[in-house]
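As written, the chains take the letters A, B, C, D and E, and residue 1 is the first residue of each chain.
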Amino acid sequence: QPALAEEEAVYRLKWLFNISVAGGLYADTHGYFSEQGLSVVLKEGGPERDAVRELEMGQALFGTASADQVIRARAMGSPVVVVAQLFQVNPLQWIYRPGELRIDRLEDLRGRVIGITYGGNDETIMRTLLAKAGISEDEVELFSVRYDYTPFFQGRVSIWPVYRNAQGVILEDRLGRAGEKTAFFNPADYGVRFVANSVVTAEKTAGRSPDLVRRFVRALLKGWSEAMDPKNSAETIRTLRRFDRETPENILSEQLAVTRRLVVPKDGAPIGSIDEAAWRQTEQIMIEQGQIQEAVGVEKALRPVF
Amino acid sequence: MRLAGTNITFHYPGAESAVFKDFSFQLAEPGFHAIFGPSGVGKTSLARMITGDLSPTAGKIAREGIDTVLYCYNLERLPGWSSVGRHLDRVTPEKNVGRKEELVSVFGLQECMGSKFLSLSLGQRNRVNLLRYLLQDFQVLVMDESLANVDEKTRETILLKIKELYPEELFLYISHNVVEVSKFCRQIVVVRDSDKKPQGLTIRGVDHRNDREFPNGRLEQVMLEIMNAA
Amino acid sequence: MRLAGTNITFHYPGAESAVFKDFSFQLAEPGFHAIFGPSGVGKTSLARMITGDLSPTAGKIAREGIDTVLYCYNLERLPGWSSVGRHLDRVTPEKNVGRKEELVSVFGLQECMGSKFLSLSLGQRNRVNLLRYLLQDFQVLVMDESLANVDEKTRETILLKIKELYPEELFLYISHNVVEVSKFCRQIVVVRDSDKKPQGLTIRGVDHRNDREFPNGRLEQVMLEIMNAA
Amino acid sequence: MLHRRVYQFLIIFALGLGLLFAIKYVMGLSDYVIPSPSGVWETGKETARRYFGDVGNTLGVAMAGQVISVFLAGFVGIAGRRATWFGSFIKVAAYNVQAYPIVALAPILFILVGDGLFTRLLIAAMICYFPVLLSVLGIMSEPVEDIEHFYRATGRMRWQLEVKIRAFENLGKLTTVISGSATLAFAGTIVAEFIAANAGIGYSIRIALYQSDMGKILVALFMIGIVLSLYQGLLELSGQAVRRAWGGS
Amino acid sequence: MLHRRVYQFLIIFALGLGLLFAIKYVMGLSDYVIPSPSGVWETGKETARRYFGDVGNTLGVAMAGQVISVFLAGFVGIAGRRATWFGSFIKVAAYNVQAYPIVALAPILFILVGDGLFTRLLIAAMICYFPVLLSVLGIMSEPVEDIEHFYRATGRMRWQLEVKIRAFENLGKLTTVISGSATLAFAGTIVAEFIAANAGIGYSIRIALYQSDMGKILVALFMIGIVLSLYQGLLELSGQAVRRAWGGS
C-alpha cells in the first residue's frame, strides 16, 4: 500500500531521457521509489545543467554527475559525495571507419585528425592517451567538436568522440545503412579508466539522512539491475519508449545491449559498485592535465551505500 | 486647352456631409485663374480632384489638351541633406537653367541658395517650393496657398513675373486674399457651401499684367462681385 | 505691463549675416499689436526671442508684469488619436469652458468638433490651434501667422472677438496682410533689413474694434506709413 | 494576405530543400549527411503531428514571452529615452545584459530562478526584447515638435503624454517592429527550450541534433515556418487594425 | 560620454557581482557554485589578458558582421518595403530564416559553407541583421509625403531617392538602431563562436562552461561588458557625427 507521506526528492539527471538513464526511468515507472516511501521527480539534464550546483542550492536532492565534475567540485570545496557509480566502463569512446584506418595500438593515432570537445573530458582523456603513447600535439590534428557530426560524416575527421551506448549505436546504424563499417576506440582498452556517470548527493544529506539516501540508492539500483537484466529487455525497451519517443525500437534494443556491457561489473560485483582505483586514476589524470591543482583525496568523497 | 468639371459630387468617406454637390466649373483658356472660397469649403479637395489624387464620388473632370497637372502646396519640404541651391540645380531641366537664375532673383532668394531648407523662414520655404515647380514641364499648375506666408510686395512681383513668363500655361491659384485674386486672376472660380445652388460661380477678374494699363475702378467691382458670390 | 527689447543683435550660428543688429522695440500696454516685415526679415526669430526659445547674441529682452508668454504658429498639429472636440475639452481649464463654446462658434468650428485634426482643411487647422491657445492662461500670446490660411472674413470676425474678450492681454500678431495689420493693431513693430538704421520702427495702427467707430481715411494713412517704413 | 504568406513560405522552403538536395546529388553525399527526399518524407509522416504539437507548445510560450518583452522594451525604452544620467544608465544596463550570450548567462539564471516555465519565458523575453527596445528608444527620444510644443508651452507635458504622442506618430514603425518581433520571440523560445526545457520544438530539435537526424530537423523547420508565417500574418493584420482603430495614417 | 558609459557599466557589473556574492554567503554556497571574491580576482589576474585578447578577436568579427548585417538589412528592408507580392515574399523569407534557431541551422550551414571565420561571420550577421531589418522596414515603408510629393508628381522618384529621403528623415531612429545593433552583433558572434569556432571569447566561455568554472565566466562577462560599452559609445558618437554631417536635426 502507498505510504501515507512519501518523501519527495528531485533527481537531476546528467542528460536527456535516453538509454543512459534507463535505470532511473525503470525504477520510477515500476514504483521502486514508492516502495521505499519516496516520491522522486526525475529531471532531464544537459550541458548547461549541473547537478552538483543544484544539490548545493537545494534544488535537487540527488543527481548524476561525471567524475571529473565531482572532483572539480570537491577541489572548490563543494560538499558533494558519490553514493553509487553507474557506469563501470566510460561510454565516452571514439567512432571511426575501420575501412579507412585501423587502431590496434595507441601509436596508430599518430597523424590522424582526431575530434575532441575542447574543455570536455574527452579532451582530457585523449590528451592522456596521447601522452601515454608519447605522441606530441603536433603529430596529430585535433579538431574541435560541436553539436553536429557533419565533419565526421564528410570524412574530414577520422576519429570522433561519441557516447558508445547512445549516439554510437545510432551512428553505427546510420552509416551501416549506407554500407559503411564502423568501429569504436575505447580508452579503457589502453588502460585509461576515466570514470563516467555516478550518483551524487550532498554531504549534508548523506550525513543527516543516511536512511533516505539508502532507500533512494536501493530503489535506483534495483531499477538499474532490473533494466539491465536480459530477461526484462522487452519491458525496459517499452519503458524507454515512453520517454524517448524519438529512438526507434531496434536502435533502442541495440543501445540496451551495449549499455549492459558498460554498466554491469565484469567481476560479478553488484551494479552501482564504486571502482575506487578508477576514481584515483581519474583524479591523477586531472592533476596531470592541470584540471586541478592538487589531489583532493577523492576517496573521501566516495560513500558507497552498499 | 480646357479644364472643366461637370456635376461633381464629392464626399469624404466617413464624413457627414458632402463637400461638393453638383458642382461645375470650366476654364477654357490658359492664364492665371483662381479658386476662391472660405476656409473649409473644399478648395484643396477640388484641387486634388483636378490633379487626380482624389476621385469625385460622381461627376467628371475633363482635361483637354492637358498632359501634366502639377499640384504644389505650402507645407511641402525639400530634402534636408543638401542646400536649396544644390537641390534646385538637380531638379532643373537643362533648358530651364536660365529661367531658374531669373526666377531666383525675382523671388528674392539669392541669399537662400546656400542654406538648408530647414533654416529658411516660412515665406522663403514657400517661394523655394513654388520656384522648383515652375521649372518643371506642366500645362496646369495648381498653387494651393503656395505663397500664403510671403509678404504682399514679393507676392505681387512673383505673380506678375509668372504671368509674364508662362502665357501658355494654366494656373490655378488658391489664396485667401481677395484683392490679390481679383487683381491678378483671369477667371475666379468661387466655391460656395455645398447647399448653395449653383455651388460654383465663375467671375472674370482684372487679370492685371506688367504690360497692361491697370483699369481703374474695375478692381473694386470684381472684389464686390466675389464678396457677393461668397 | 511692458515688453521691450533693447539693442538686440542676433545671429544664427553658422549664418553669414546677422538677422538683427542693434534692434529695439517697446510695447508698454496690453492690446493687439503686430510684428510686420517682409518675408525672411526675422519676425519669427524675434518672436522666439520674446518667448525665450532663442537668446539674443547681444542686447536684452525685458518682460515686466508678464508671467506667461505663449507662442503659437501655423504648422502646429493636434495629436491624432482623438477628435478635435475631445482634445479641446481636455485642454480647456474649467473656468474657460464657457469661453470655449463661444469661441468655437465665433471661429466657425462647430462642424469640426467631431473630426480628427488630420481631416481638417488648412484654415480649420489654423483656427483650432489658435483657439486652444486662447483658452490657456497667458499675458502675452504671439500669433505667428496663426491665421495665414483662413479667409479674410472669418479672420476679421476672429480678430475682433479676441480684442473684445482679451482687453488685459498683450497679443503679437504676425501676418503679411498690410490692411489687416493696419486696421486691427494698436502698435505695429515694423522689422526692416538689418543694415537699415534703426532696424525697427513702431507705428500706431487704427486698432479697430467692434465698439468703436471706424475712423475713415486713417487706414490708408497707416498703410502708407507701414509701406514707407518697410 | 494570410494565405499568401503561407504559400510564399512554401515556395521558400521548397527552394531551400531543393538546394540541399541538389548539393546532395551534385556532391554525391550519402543519406546520413543529407537525407534523401523520400527519407525526409518518411520522417515527415512519422513526426509531423508530434512536431506540430511541439511548435504549438512553443508558440504559446513565445506569445507570452513576446508580451513580456514588449512591455519590458516599452519600460526600458521610456525610462532610457532621455539623455540624462539615469537614462544612460538604464541603457548601459539594457545593452550589456543583451550582449551577454544566453548560454553564458544560463548557469547564473538557473542558480537565480531555477528551471521551469519561468526560465523558458525569461530567456525568450530576453532575446525578443532588445530589438523592440532599440526601436522604442529611437522613437521615444525624438520629439514631435509640431504637436508637443503646445503641451510644453502650457506646462501640460507629462511623460505619459509624450510617450503617447511619439508612439502615435510612429505607429506604423512600432507595429512593424512589434509584429516582427514575434519572430524573435519564437527564435528565443526555441533557444530557451534548447538549453533549458523538456518540451517544445526546441527540445525536439535538440534531440534530433543529438541523434544527428537532419530529416527531423528539416521537418521541424518546416513546422516552425508554417506556424510562424501564420502567427506573423495575424499579428500584422492586428497591427493594421490597431492603426485603423487609433486613427493613425 | 564615453567614460560615463564605462563607469556606469562598472556600477552595474559591481551590482551584479554583489548580488551573486550576497547569495553565496547568505546560502553558504561553495566556491564551485559561486566563486569567492578572491577566487574571481585570482581567476581575473590569470585570465584577464587572454580574455581581453579573445574579446578583441570577437569584436573584430562582430564589427564585420555588423557591417554585413546592416547592408543585408538595408537590402532586404528596401526590397521588402513595398506591399507588393515580391516585397511580401522577401519579408516572408527574411522572417522565416530568422525564426530558425541557429543551432538547428548550424549543421546545414556547415555543409554549405564549412566551418571557420566565414561561418562565424555569417551567424553573427544573421543574429544582428533582423532587428535592424525591422526598423528599416518600418521606416522604409512609410512615405514622407511633404517631401516626396514633388518627386512623385514630377516623375522624378527613384527608389534610391525614396530610400534616401526616408532614411534622412529618420536618421535619429536609424542611428539608434544601428549603433544599438552592435550589441546584437556582439552577442551573435559569441553565439557563433560558442557553436562553431575555435577562437574568440565565445569559445573561451564554452570551455569555461564545460569546466564549470563560474569564475572564468564572470571574468569573460566583465571583459565583454567593458569592450562593448566602449564600442557602443564610439558608435553613438559617430552616429551623432553622421547626423551632424548630414545636416539632420
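Here, contacts are C-beta pairs under 8 Å (C-beta built on N, C-alpha and C of every residue); 3 or more make two chains touch, one makes a residue touch a chain.
Predicted, not measured: the structure shown is a model, and the values here were computed from it.
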| Hey, how far apart are chain D and chain E in touch steps, shortest way? | 1
| query | Which chain pair has the highest count of C-beta pairs that touch? | reply | D-E
| remark: Distance in whole angstrom between the CA centres of chain A and chain C is 85
| message | Could you work out how far the Cα centre of chain A sits from that of chain E, in whole Å? | response | 37
| query | In whole angstrom, what separates the CA-based centres of chain C and chain E? | reply | 51
| remark: Cα centre of chain B to Cα centre of chain C, whole Å, reads 26
| note | Among all residues of chain D, those touching at least two other chains are 29, 33, 103, 107, 111, 206, 209, 212
| Could you say which residues in chain A touch two or more other chains, in rising order? | 47-48, 50, 53, 57, 147-148, 150, 154
| field | Touching two or more other chains - residues of chain C | value | 75
| remark: The chain pairs that touch are A-D, A-E, B-C, B-E, C-D, D-E
| said: Per the contact definition, I'd like the list of chain B residues that touch chain E in the complex. | reply: 51, 70-73, 75-81, 91, 116, 118, 129, 132-133, 136
| query | Which part of chain E faces chain B closely enough to touch in the complex? | reply | 146-147, 149-150, 153-154, 156, 164-165, 168-169, 246-249
| said: Show me the residue ranges of chain B that touch chain C in the complex, using the header's touch definition. | reply: 12, 15-16, 37-40, 42-44, 74-75, 108, 111-112, 114-115, 119-124, 126-127, 145, 148-155, 176-179, 230
| In the complex with chain D, residue positions of chain A that touch it | 16, 43-44, 46-50, 53-54, 57, 59, 147-150, 153-154, 167, 170-171, 174-175, 177-178, 180, 245-247
| task | In the complex, go through chain E and note every residue touching chain A. | result | 27, 29-33, 35, 39, 103, 106-107, 110-111, 115, 195-196, 198, 203, 206-212
